[in-house]
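Heads up, the next two complexes both have subunit A, just with different partners, subunit B and then subunit C.
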Partner chain A sequence: MQRIGVFVCWCGSNIAATVDVEKVSQVLAQEPGVVFSTNYQYMCSQAGQEMIQESIHKYQLTGVVICSCSPRMHEATFRKTCEKAGLNAHMVEIANIREQCSWIHKDMATGTEKAVILGRAAIAKVHLNAPLTAGQSPVKKRALVIGGGIAGIQTALDIADAGFDVDIVEKQPTIGGKMTQIDKTFPTLDCAACILTPKMVDAAQHEKIHIYSYAEVEKVKGFVGNFQVTIKKKARYVDETKCTGCGLCTEKCPQKKVPNAFNLGLDNRRAIYIPFAQAVPKIATIDADYCTMLKSGKCGVCSKVCTAGAIDYKQTDTYIEEEYGAIVVATGFNPIKLDKYDEFAYSQSPDVVTSLEFERLMNAAGPTGGTLLRPSDGAHPHTIVFVQCVGSRCDDEKGKPYCSKICCMYTAKHAMLCREKYPDTDVYVFYIDVRTPGKNFDEFYRRAVEEYGVHYIKGMVGKVVPQDGKLKVQASDLLGGSQLHIEADMVVLAAAIEPDETARPLATMLTASMDTNDFFTEAHPKLRPVESPTAGIFLSGACQGPKDIPETVAQASAAAAKVIGLLCKDSLTCNPCTAQPDELMCNGCSSCEKVCPYGAITYADKEFRGPNRTTLLRRVAQVNPAVCQGCGACTVACPSGAMDLKGFSNQQIMAEVDAICR
Partner chain B sequence: MSVTENFKPTIVAFCCNWCSYAGADLSGTNRLQYPANVKIIRIPCSCRLNPMFVLRAFQKGADGVILCGCHPGDCHYTTGNYYARRRMTLLFSLLDFMGIERGRTRVEWVSAAEGAKFAATMNEFTETIMKLGPNRRLEDLRCRKD
Partner chain C sequence: MMETIRRISGVNPRKCMKCGKCTASCPAYDEMEFHPHQFVDMVETGRIEELMQSKGIYTCLSCFACVERCPRSVEPAKLIEAVRLAVLRQQNENHLTANDIAEKLDPELPQQAITSAFRKYRK
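This part shows the complex of A and B:
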């Protein structure tokens, strides 16, 4: 029999106003096993805590019930208090008589009656509590960053600067991500490449950072502090150690008709390519889908011209296994595909472009060398219409329900740059709302309107019709209350952004949760914004939600700080409330293993004593307490009832049910 | 039989630790009233709710049992509430077949931000139970309160 102490808190008048605390402590004193019961004004105060500790010594308490505020508030506090008095932290139970009793009831009698029942349930539970000790698991002092965009680079640099090894896995042949495709950045209009490329070089040259470019994460096992990751390095048919990045092969390759993905298909490249001049690592890659040598075995020009002898047509995918303590997801975003938005004639006219394509057309390193020319005929456009919210803030299934957040600002930037470079152009922006919160953002937008004379029109574009080399734009002007017909030379669509398509399979691999839009969810939307609810997984950049560059970099550094905090530890305290199988009852059916979201359950053949001095070999479930998060899915899935959860055992919950229904 | 005259139903609410228990706390913080008949038991995840607990509650004299968990897709343990949803669908059909009316059992998704929803749900649920009257079907007569 436990010796239980009951401590009823007044919480000033928060509890005492609607719960007769004196009566509660008196009634609960009559419960079996209760050897001491009292009440006090503020149980969480220094004096209250000392009282609990003294009572533990004086009455040799083996269990403590505290009737107070929510366990979410002070469970940890009271556990620590009791631990200091020599009682196991898990011998403490909280009866929530504030949030779930005194605050929701006005009547003293009702409140008191309910508080007594809640107290009884806690006492019934604590009778069955057993001391639990949290295990320790070691921390591998190495971090993995998935995605090498500005988010991944910044996170990796910050972690590496703190002295920990970091690996970046990037699926493209070069790191840099979307920011490499951008021309200028808002609100300062400084060149994106000028601020990004030095960071890319820093990452490549950092002795603590290793970049796996043209690679993908194939498999993730393990748990916080101890992830085992398999990385697939895709065959690029070029020996990375030999290639000098001279680029001769990319000039001599006879296969010239490959759509250049870096320029979003606005021009062509060769089958062997370096995405752009400042690529990191600057190594050529053969596009196996277009290379004649790989497809038919006839060509070999690149191999002949390569003075370094780096071309290797026989290269295959290689797999690398590495251990990590923490994983940062920085998979970024993509603009949505616009095939469902045919009213804007995106698939009908090459002069209807997305904003990212427009970015390439304005870029000095882009297909037109920075001169704004229409993709159809190479003429200079005189009227440009920008359409906002294409697929963003959309109620129907075609688009996304959320605001993509960056479009208002980059459109203001595009409009401004157009007017600055070509003052003879007329620029129209059709918007639903202009959303420009952010430091110096609204000032930037107002400059576009006031100084640069961009025509901002509230209203949506209904239809774009290509006609006689022009684009007829039909739109409504909501403020002017009229229909507008504009003959445009170019239409630029601010496509909604969505998480990268690799994010969903990756989330499954990491058991990290996602929202309905495939953005990774954070552990707490306000207080833990850069951690995934899955321990050891951190979030950086637009994989968590639409973000501009300043926000991405801020979150990247925040994620790095969290990773550094984790990697600084030599070992981690595990959650002691884990599942535990009764090996004598387990028949090794695998039901529990199938429902475990963490892969914490494995099976082992164990010897058991059989009849007549025989030994039987049986397959039984085993729980890795360092991996188990204590959800209890396995306990209910187990058909033989062999699995139970420490701290929330079947008996404990049943006892609570009994106490409440008594 | 005027059973409903002084009928004070016992309602057991199983709340998952991450969303619904926090939602219940929030309705307290916002001082939103719901009947004292509702007593909450904290479980780590809605998937921890063993059908045995529901049966036990009815057997011991509970008049209604409600399970609250994170919204589908938001489970702290990724998939727990999906298991709970399927399991409870089955269990509640079985209970209905056994004579425990559908109205006595319920699953509701309440997030940590939905204090108002929690209180509203509990008000509504208690009202339903009041209308249904005391649970006599599965109650272990040896546990009779009166």
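This part shows the complex of A and C:
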């Protein structure tokens, strides 16, 4: 018989306001095996923890039940407390009487009744608990960063500077991400390339960093400290070790009509290309969709002009297998497609552009060489209308329900730069709210209004109609109380941002959770913002939510700090709650092996004693406890009930259910 | 009254974030003393009487541009329709009876207009 102590927490008024804690502790004291029962204002406080430890000694407790908040919150705390008092950590059970009880019930009587039931279930389980000891698993001292934008680069640099090897996997031919396409950065207006390209070079030259460009993560196996990752290096038809990045092939290629993705299709490039002058690695890539040689076998110009002999039309995708201790997701964002917003005439007129396209039109390395010209006729625009919140803050299926966060600031930047470079332009910004929290952000927006004379109008654009080479904009001015009709030369749409389309399949591979918008979920929204709930997976940058550059860099470094903290350890304490097969009951069907997401289950032939002194050879399941993560999938898959999870055995769960139904 | 309008229309005016895209889209803007975003605000703040007195509710073309473009799915046109219905129900009679139609009939007049006159016609 266990000697059980019950500790009911008030959680201030969080629990005590809806649950009669005194009554709960009194009723639970009557349960079989309970030798001590009490309640206290804050069980997790120093005094509360000391009270538990004293009671363990005084009443020689063998099991502890704590009726408090969710085990996700304080299970670890209380286990540590009891361990210090000499109790095995797995002899502690938490009855969640806050999230599952006081927070969801309004009535004191109902709340109290349920708290008692939950307490009973936990007591019933403790009766069947057995001490468990955790094993150790080694940590592979190498990190993988998925995505080579500013987030991935910063994370990789920080991890590498701490002395650990880092691999960056980037799907584009060059690292740098969205920041390479941006012209100036708010609120200081320094040039994006000037601050980014040195970091790209640092990453490339760092002896601890290896960049897999034009590559994708294909498969992920394993668990924290021991991930096995397959990386697919897509065929770029150029030998990376030979190409010098001279760019001769990109000038001689006869296929000139390839939309230039780097300039968002605003101009054309050749079929063999280097995305931009400062690309890292500076290696040419053949676009297989457009290359005449790859499509019809006739051409070969690039091969002829290449003095290094780097062109290899027969190159195929290659696969690399590597082991990592930690994985950082830095897959970033994209502006949403605007084809559902017919009212803004985005697909009808080339003079209606997205803000990212506008960045390219203002960029010295862009299609117009930095002079702002209308895409339709190359004329200088005199009236420019900016529309904010296009697709952000929508509750319909066309847009996104969230605020994209960065648009207010970059629109202020665009408007300001227009007025500065071309004082003869009239610039209108239609806004719903101007949101500028951030260091020097609101001052920046006010400068656009006060010093640069940008017309900020509270209201929205209703429709844009291309007519006679102009864009007729119909909009509302809510503060002025009028409907405006503006003849504009250009309309710039601040499109909402969404996670990259590779994020969802990647999350599945990593078993990392996502929200309904496909942003990665953090382990705790306030206290663990750079970790995924899946151990060993970390989050960096806009894959977790919309972010500007300063925030992205801060989060990237935070993620690196967490990775370094993990890689510093030589071994990790395993979860002792692993699966355990009952070999006598196992029928060797392989159901468990098939459902195990970690590959922890294998089968072996084993001799058993049969009737009349015979021996039987039977095929039975075996679990590798170092690999098993205790998810329990096998226990429900097993048709003969042979598989049990230590600490959560079928018997224990049934005892809990019985206690609830009593 | 506010509740009645909300029930008839099925619209929750609290969803409005006051962006003004409805008013920006409205082709009958110049014909109205209150504009779509104001309709929504007036229903929310309970200024229903003023709305019911307004001529603007009959100049609304029911083109549903505001419904189509609203990013919050507030559907202002449905509110306006609900206010029109409220006016009718309150007076407990139509402005036009079926018997009046014969004398007002004009061969040039589309049938649809006669139908809508049942609710829109006013002396």
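List of remarks:
We adopt the following convention: the second predicted complex is superposed on the first by the 482 of 662 C-alpha atoms of A that agree within 3 Å, B and C clash if a C-alpha of one lies under 4 Å from a C-alpha of the other, contacts with A are read in each partner's own complex, and residues count from 1 in each chain.
Simple rule for what comes next: a contact is a pair of C-beta atoms (placed from the backbone, for glycine too) under 8 Å apart; a residue touches a chain by one contact, two chains touch by 3 or more.
What you are looking at is a predicted structure, and each value in this text was computed from that prediction instead of being measured.
In the superposition on chain A, A:162 makes contact with neither subunit B nor subunit C. Contact with neither subunit B nor subunit C is seen for A:320 once the two complexes are overlaid on the shared chain. Of the two partner chains placed by the overlay, only subunit C lies in contact with A:474; subunit B stays clear of it. Once the two complexes are overlaid on the shared chain, A:399 sits against subunit C while remaining clear of subunit B. In the superposition on chain A, contact of A:511 is made with subunit B only, not with subunit C. Of the two partner chains placed around the shared chain by superposition, subunit B is the only one that A:110 touches, whereas subunit C remains out of contact.
Once the two complexes are laid over each other on the shared chain, residue contacts for A:118 go to subunit B alone; subunit C is not touched. Contacts of A:661 after superposition: subunit B is touched, whereas subunit C is not reached. One of subunit B and subunit C touches more residues of subunit A, and that partner is B.
Residue overlap on subunit A between the subunit B contacts of one complex and the subunit C contacts of the other is empty. Listed in rising order, the residues of subunit B touching subunit A in the complex are 10, 12, 21-22, 24-29, 31-34, 36, 39-45, 47-53, 56-57, 60-62, 73-80, 83, 87, 119, 143, 145. Residues 343, 389, 393-396, 398-399, 432, 458-463, 474-476, 478, 483 of subunit A are the ones that touch subunit C when the two sit in their complex. Listed in rising order, the residues of subunit A touching subunit B in the complex are 70-72, 96, 98-101, 103-106, 110-111, 113-114, 117-118, 121, 511, 513-516, 521, 533-534, 577, 595, 597, 629-633, 635-637, 645, 648, 650, 653-654, 656-658, 660-662. By the touch criterion given at the top, residues 15, 17-26, 29-30, 35, 37, 65, 69-73 of subunit C touch subunit A in their complex.
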